[in-house]
Structures are given as structure tokens and as C-alpha cells.
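Look for chain A in each of the two complexes below; its partner is chain B in the first and chain C in the second.
What follows is the complex of A and B.
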């Protein structure tokens, strides 16, 4: 009974939350107590969204800006995953590497991605590399940490079985540590995607000449608060899409492993 | 030459409480030795030291005259808890050791197929461990060790999770393989009959701290009484000489269990 009710219940409650939020927002902005530029109403934002889909602002339509943001995100994020996951697994397997990398990594990961902005600007100007560096610095730590923790927590029986079978180190990493750590790695990839996407927009506010973040800074200068809100909504929406995609992959892998 | 020698082995884990005390046991090349003893007396610990997963606190463990320093495919292990890789199919689990040895693909496939047939799991080649029963998983773990054709086999209650019928089939198969292609086997079991049926010698351990209490020679009786002329396990188990040895070991173990009540 509860199994059947649960998805419907969750959908209903979620809808209530959204309706409540938009209702409150519309009520406040429509009450005349605040100026429309101070807090634009939902309808104004929606109208602006439709406008920005076809009309160019700050060098392109909303989709053009989103597309260049996504390209940067993909580059920085894939780089973070491609370096972070293998390095984490290697550190989980080889004590020496762990001892070399850990102190450095522990220091670096507390430096917020946005703190890299001055150097991103210095090294890359407003080119492609700056935001990629910043996304990388946001997405890299969770990718590495989760792979590392996954590898550290692998049931020692599997490692013993692999060693007993004469499995060489490289193969232990790819055929034992990696599959055994998949749930942890995927969780890290999800957190990394979230942090990467967040830091991307932060980076574009400062070191880019396209992208959603850039669109928002330009809108701020032009005092177009509706455009700023369209940018915020787009960021949230794409963020949800990325997470849903990764969650689907996660669920598929869990099913494949039979919950093991 | 692949003998196993426990030379005055003592073992304590961290706290300092003695788990094993002065273990002296020689398993000769191609000899089959079974260890029986009360739960928690340190049987698995002995086997893990021969495998290279644990190391003695005092004394030495030697395999083929050199001290054991790490695990390796010359000493295949059947774990008490199987330790199959959940993300690998039956075939992939059995095949891994052969791939590590760089056995050519065709030969590998043939040997895996033989092993699968031996454990009676034809049709389950592409199943994952979680899709199999406990007994089926245990048979895969046995096949994974056998397929390597190792010099030394270390088996920790390998038939523990099997139903009586399957167990008998596996025991008879093990005896057949042992006669056909003898190798050094250290075999842990709770089943006294199984120990007497399979082993050349049976080592009886005391409860904590584990010591070797007595080593019973089965082989000389088996040869003198021509057990091998009976192909079926139940016929061997009916023989007076078998019953005599079994009862002797039972009594010896029983004293240990009774001692634990004090």
C-alpha cells in the first residue's frame, strides 16, 4: 500500500512546495510593495525567458550561452573525473603514493574554486582555459576522495582472493578496486558534478566573455533583473538535469551489481 | 616439492592472548592432511598463515622449504566464506587465475569448461554469484582453486554449505582427483567422517590456545583395509576400520568440547 502511495505522495508534496514558492513570490512582487526591478515577478521572468530563447543578449541567445557553459563544464568535469578517479584508486592501493599526495591534496582541497579566479585570469585571460581550471578545482576533490575511500573500504577478502590467484597490481585496480568502489565513485562523480557546475557559473561571472555567468554579469550592468533571474533558473534547471542523468546511471549500475 | 611445515608456530592477535601455541605439523609433498578442532581454536588462522595472509608471532611456516612471505597461485585457497567477486560471472571468477598466468585463450576456455562441468554448474556460466545459492557459490570457489592445478590446495571447510547429496558427490570427486593427480592438501573441516574419508592423516586441535593434540594416521589403515576397493562413500563409512577411526577422533574432540564447559 505505502509502496504504491509513495511516489504519488512525493509528487504531490513536491508540487505543493513549488506552487507555494511561486505563489509567495508572485504575491510579494505583485503587491506593489517592491519595485519590479527590485524583485521581478515570475511572469516577467517567464516572458523574459521566452524572449532570450530567440533574441540575443550579451553576444548570444540563452541557448548559445548555455552551450558554451556546458562545453566548459564538460571539459573541466571530464578532466577532473579522468584524473581524480584513477589517482584516488591508485592512492587507495599504494601506500607510498597515498603518503606523498595526501598532505598536498588535503591542503589544496580547502581552497575554494573561486579563489583560483585571479590565476585563471592571469594564465588564461577570458579564454576557454580559465573556467575549465576553476570547474576542475571544484569537481576534482570529490572525484578523488570518493574513489580513494571506495578503494580503502573494499572488503579485504576480495583483495586476498585476488592475490591468491596471482593477480598483478594493475589488474587488481581495474578488476577489483574499481568495480568494488563503483557506488562510492558514482557518488563522488555526482557531488563533483554539482560543485563543478556551481563553480563554473562563479568563474564565468569573472573570467569569460560568453556563458550563462557572463550573461548574468552583463544583465546586472544593464539593470535587467529579469535576465539575471532567467540565468539563475537556467543554472538550477541544468544542474537538476545533470544530477538526474548521473542518478540514472547510478541506479543502472546498482541494478547490474544486484545490490552487492 | 611442495610440503607444508609448521615449525613451532605461535600466533597472537594484537591483544597478546595466545590463539595458537607451539604448532608443529608437517604435510608431506602430495599428502592430504585434514585439521579438525573446536570452533575458534585457530584452524583458519593456520591455513591463512600457509596462504600468506597472516604471519606467525613465533616460529615459522614453510612451503616447499622456503618461508611463506606472500600469497601466490602456487597455493590456491578455498575460503570459508567463498570470497567470489560479486561483479564477475561464474566463468569470469574461475577464469581470472588462468588469465593471470597468461594461459592462452583456447586452453583457458577448455579448462574453465571442464571445471564448470566438474562442479555441475553447466548453464550457470554467465550467472553472477548473487544469483546462485550458497552451495553453488561454494562450488564455484572450489572450481576457481582447482582450475589453477596448484601444487598446494588450502581448503577451509569447502563443503560446509553444501547439501548432503552434493557434498558426497564433491567428496568422491575430490578423492578421485586426489588419486589421479595427488597434490599437497591442507583441509579444514568440522566433519569427522569427511576428514577420515578424505585425508591421509587427521590432526586434532585443542580449544584455545590451539595446539595439535594428536595426529591420526588414516592412510596406513586405508591401504591395509583396502578402502579404495569401495567406490561409494557409504560403503567405506560402514567398514569396521573406518568406524573405529571415526569414533576415536570423535572421543578426542569430545574431550575438548567438554573441557570448554568448565
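What follows is the complex of A and C.
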């Protein structure tokens, strides 16, 4: 709309925004108008973060909790990708499978992933299996949908050429459908990772007995607002790391495919 | 013909699933009723929830409670998020100042606000509305912002050249131009609202569908769990359909203008 902004000015304004945010936060918590248990200042939270790196709270240090969250996340997410992507591709290729799975999928999709918590706990317990199912139900829909859309949008000429040359069905999927849908699949994997990570937090808040979510619930009961905020920061930070990792993989794959 | 074929297969699939449900849980007992309810259990739980109530209230009360929280949180986030998105899409300065703060807070998933919201506002409605607000806020801001940026430049220049007053410009150029993206954002916001509501009510509540699910889990009552899940799905779908109807009405001008939807 207006012309492009000078980068230095942009940086300055951005810094103003951040300083304003932290300044306001520190001012409100330091003013004495609110109790420190209600809103601790940014420095209190930072100090608490350093403390939790070495001292244990709710059964472990922050890193121990993060590690058990990450293990659950990896299991649920990889399962969602391993089932969702192939199923999506097959649904894009075979109409009958699409007709069979779509009504089930559309029905289940409206159930918020978190609403699976009671059954997940009943079927797989609250330790590892239950949370994994919830992460799976969060990450699965985008994995499947994007693979499906990718496969549907493959130029039919490629498929016709492959069919005419007598390529077996399995090879059409691995050598035509899959490479052509990679950008869409990766986009789905990134969305799925975000939703899966968020579902993990929800699951841990409700049922788990380790993990960052559990740490936060315990901190809430103990009215340790700083610990709750450290948990929020850690969850946000790991979420960004996961996204950065997937972006790196995405860029690498794009380079290998020659920007196709 | 393809549509009828598709729906025929769809109906068959659902029938097969229903049959499998009856056979696995009720008739053969391969799946124990303690793990997944039989159709009869589910029916009985549904009737119980509707007539006598479960968790100190009837199903209608739980549903209304959940709908109320979703509506309040969602509307509050629109009321703040859409204007903020318009501002950030329009003014480069506002964007430069606010974007870093936004980027800092955005990676925190809405569900992670639940413990803080409880510390601030307790287990009542306020905490849940706050969390839903956080969840629905991000998609409405981002999509509105993108929507403003996709408005064609000549339209904006024409309006400026004609000296359109500020308010008319916002109302008649910015909002309509961004509205397709605004609605995309609202759909995402609504979805996020439901997820967050269920999670917040599972963590702690005195009424609502999540509260029902939580009790049913503690009571090891699979029939009631299923009733709760089905309700979440039905009302999630209904509110999404309602938003779709509003969208079609609001964007009717777009279709009449040439059908390029």
C-alpha cells in the first residue's frame, strides 16, 4: 500500500514494540497493583527458567519434562505421517477407496482431537499410549488431506502417460504421484506438526504424569505462576524449533527436486 | 451419476461400520463394553443425559453452557482481532511495531494458556472465555491482515483519488475487499474455539460438554463418553455451517459480480 519501508526504520519500530511489550509487563507487575503470584515480572520468569534447568519440579527438571513430551510427540506424529500420507495418496488415486474413507473421515474430523482424551485414557492409559493417540488425532487430518489434495492435483497427463507405458500401479504411486505431491505433503506435515504439538500439550494438561503440560498443571496447583510461564515459553520455543526443522527439510527437498 | 455412486458407497460404508459396531461390541463381545460402548449402552446413556441428566445437569444445559462460552470467546476475538488485522494490514508502521510482539506470542499454543487463565480467573466462565479468545484471536488477525494486502491496488488508489473519507474507506473498501480472507480466518478461529473449549472444560469445569466427558472418564462410563464426543462433533459442525451461511450472505455481492468466487 504505502511504499516499502526502510529496514532500519522497520527494525527500530519492531524494537519499540518489543520494548513496549516487556516494559508494560514489567511496569504492571512491578507497580504493586497486582500480586506477584498473579503477574510475575519478565525477570522473575527468566530467573525461574534458569532455576528449573537444574532443579527438579513435579518429578524432574524442565529438560526431563521436555524430553518425555518430545518422545510422545515423535511417536504420535510419525504414526500420523506414516498412516496419513500413504492413505491420502491412495485415496487420491483410487476413487473407490476415496468414496469409502471420505464419509468416515468427514464425520470424525469434527471431533476436536482433545475430545479423544477420555477414550485415549481408557484404551491406552495415561502414560505413553493415551497421549500418543491424541497427538495422532491432531496431526493426522492435515497429513491425510494434503497428501490427498496433492495427488488429486497431479497433472492427469503424467498419469495417462505412465498408464499408457504400462507402468504398474505401485510404481505410478511411488514415482509419479508421490514426487508430484511433495510440496503439498510437506505443507500438510508442517500443519500437522503444529496441531500435534498443541494436542500434546492439551493431553498432558489433562492426563499425563510427566511432560511440560504436566509441569504446568502442577505449577498451577502450587500457584507458581513463574513456572507456568516458563512452561509456556518452553512449549512455544520447542514448537518453533520443530517448525524450523521441517522448513529446513522442505527447502532441502525442493532443492533436490530442482524446484519442481 | 458420479454423485449418486459416491453417496451409495458412502451410505454402504456407514452401514458396514454400524454393523461392525453391533457385531463387535454387542453380539460377539470381541470388544469389551468397558472399552467401547454397545449401541444399546450409548442409547441408554443418551437418554439418561437428556432426561435425568448427568453431572448435575441435563444434556441441554451442558450444550448451552458450551455454546455460550464458544460464542462469547469467538465474538470477543473477532471484535478485537479483525480491527487489529485491518490496522496491521493497512499501516506499515502499526505492522512494524506489532508484528514482533505477535511473532513472540504466536508460537504459544492456545491450550498452553489454560493453566495461566485458571490462575488468573479461576475455574469459572471467565478463564474459558479468555483461553478461547487467545485461540481464536491469532487466525482472525493474520487472515484479516493478509486479506487487506490482497486488495487490488487500483481499487485503493481510485478510492483515495476520489477523496473518500476515512470511515467510508474502511467500511466500503477495506472490509469488503478483505472479507473473503476474513471469513477464512473466522472458520479457523471457530475450529480453534471448539478445541480449546473442550480442553479447558476437561481441565476443570462445573458444567459443559468437556465436564461431561471428564466425569464419564472418571466414572469409566464409555457410553456417556461417546455421547459427549458425538455432541462435540454435532455442535462443532452446526456452528461451522452457521458461519458458512453468514459468509454466503455477506459475500453474496461477490457471486453476483461475475461468478469468480
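In the analysis below, the second predicted complex is superposed on the first by the 240 of 260 C-alpha atoms of A that agree within 3 Å, B and C clash if a C-alpha of one lies under 4 Å from a C-alpha of the other, contacts with A are read in each partner's own complex, and residues count from 1 in each chain.
Note that in this section a residue touches a chain if its C-beta (ideal position, glycine included) is under 8 Å from a C-beta of that chain, and two chains touch if they have at least 3 such contacts.
It should be emphasised that the depicted structure is a prediction, and the values quoted were computed from it without experimental measurement.
Just to be sure I read the superposition right, which of the two partners does A:222 touch: chain B = first, chain C = second, or both, or neither?
neither
If you stack the two complexes on chain A, which partner ends up touching A:160: first (chain B), second (chain C), both, or neither?
So A:160 only meets chain B here.
May I ask you to decide whether A:13 touches chain B, chain C, both, or neither, giving the answer as first, second, both or neither?
A:13: touches chain C, not chain B.
Please indicate which partner A:112 is in contact with in the superposed arrangement: first for chain B, second for chain C, both, or neither.
It touches chain C, and chain B stays clear.
For the overlaid complexes, name the partner, chain B or chain C, with more touching residues on chain A.
After superposing on chain A, more of chain A is contacted by C.
Is A:232 contacted by the first partner chain B, the second partner chain C, both or neither?
After superposition on chain A, A:232 lies in contact with chain C alone.
For A:24, select first, second, both or neither according to whether it touches chain B, chain C, the two together, or no partner.
In the superposed model, A:24 contacts neither chain B nor chain C.
Within the complex, which stretch of chain A touches chain C?
Those residues of chain A that touch chain C are 1-2, 5, 9-10, 13-18, 20-21, 37-38, 96, 99-104, 107-108, 110-119, 121-123, 194, 197-199, 201-202, 205-206, 213, 216-217, 219-220, 223, 225, 228-229, 231-233, 235-237, 239-240, 243.
In their shared complex, at which residues does chain C touch chain A?
Residues 5-6, 9-10, 13-14, 17, 34-36, 90, 92-93, 96-101, 104-105, 107-116, 118-120, 149, 153, 156, 194-195, 198-199, 202-203, 210, 213-214, 216-217, 220, 222, 225, 228-229, 232-234, 236-237, 240.
Which residues, counting only chain A, touch chain B once they are in their complex?
Residue list for chain A touching chain B: 157-158, 160-168, 171, 175-176, 179-180, 182, 257-260.
For chain B, which residues count as touching chain A in their complex?
So the residues of chain B touching chain A come out as 51-53, 70-73, 75-77, 79, 81, 83-88, 96-97, 100-101, 128-131, 144, 148.
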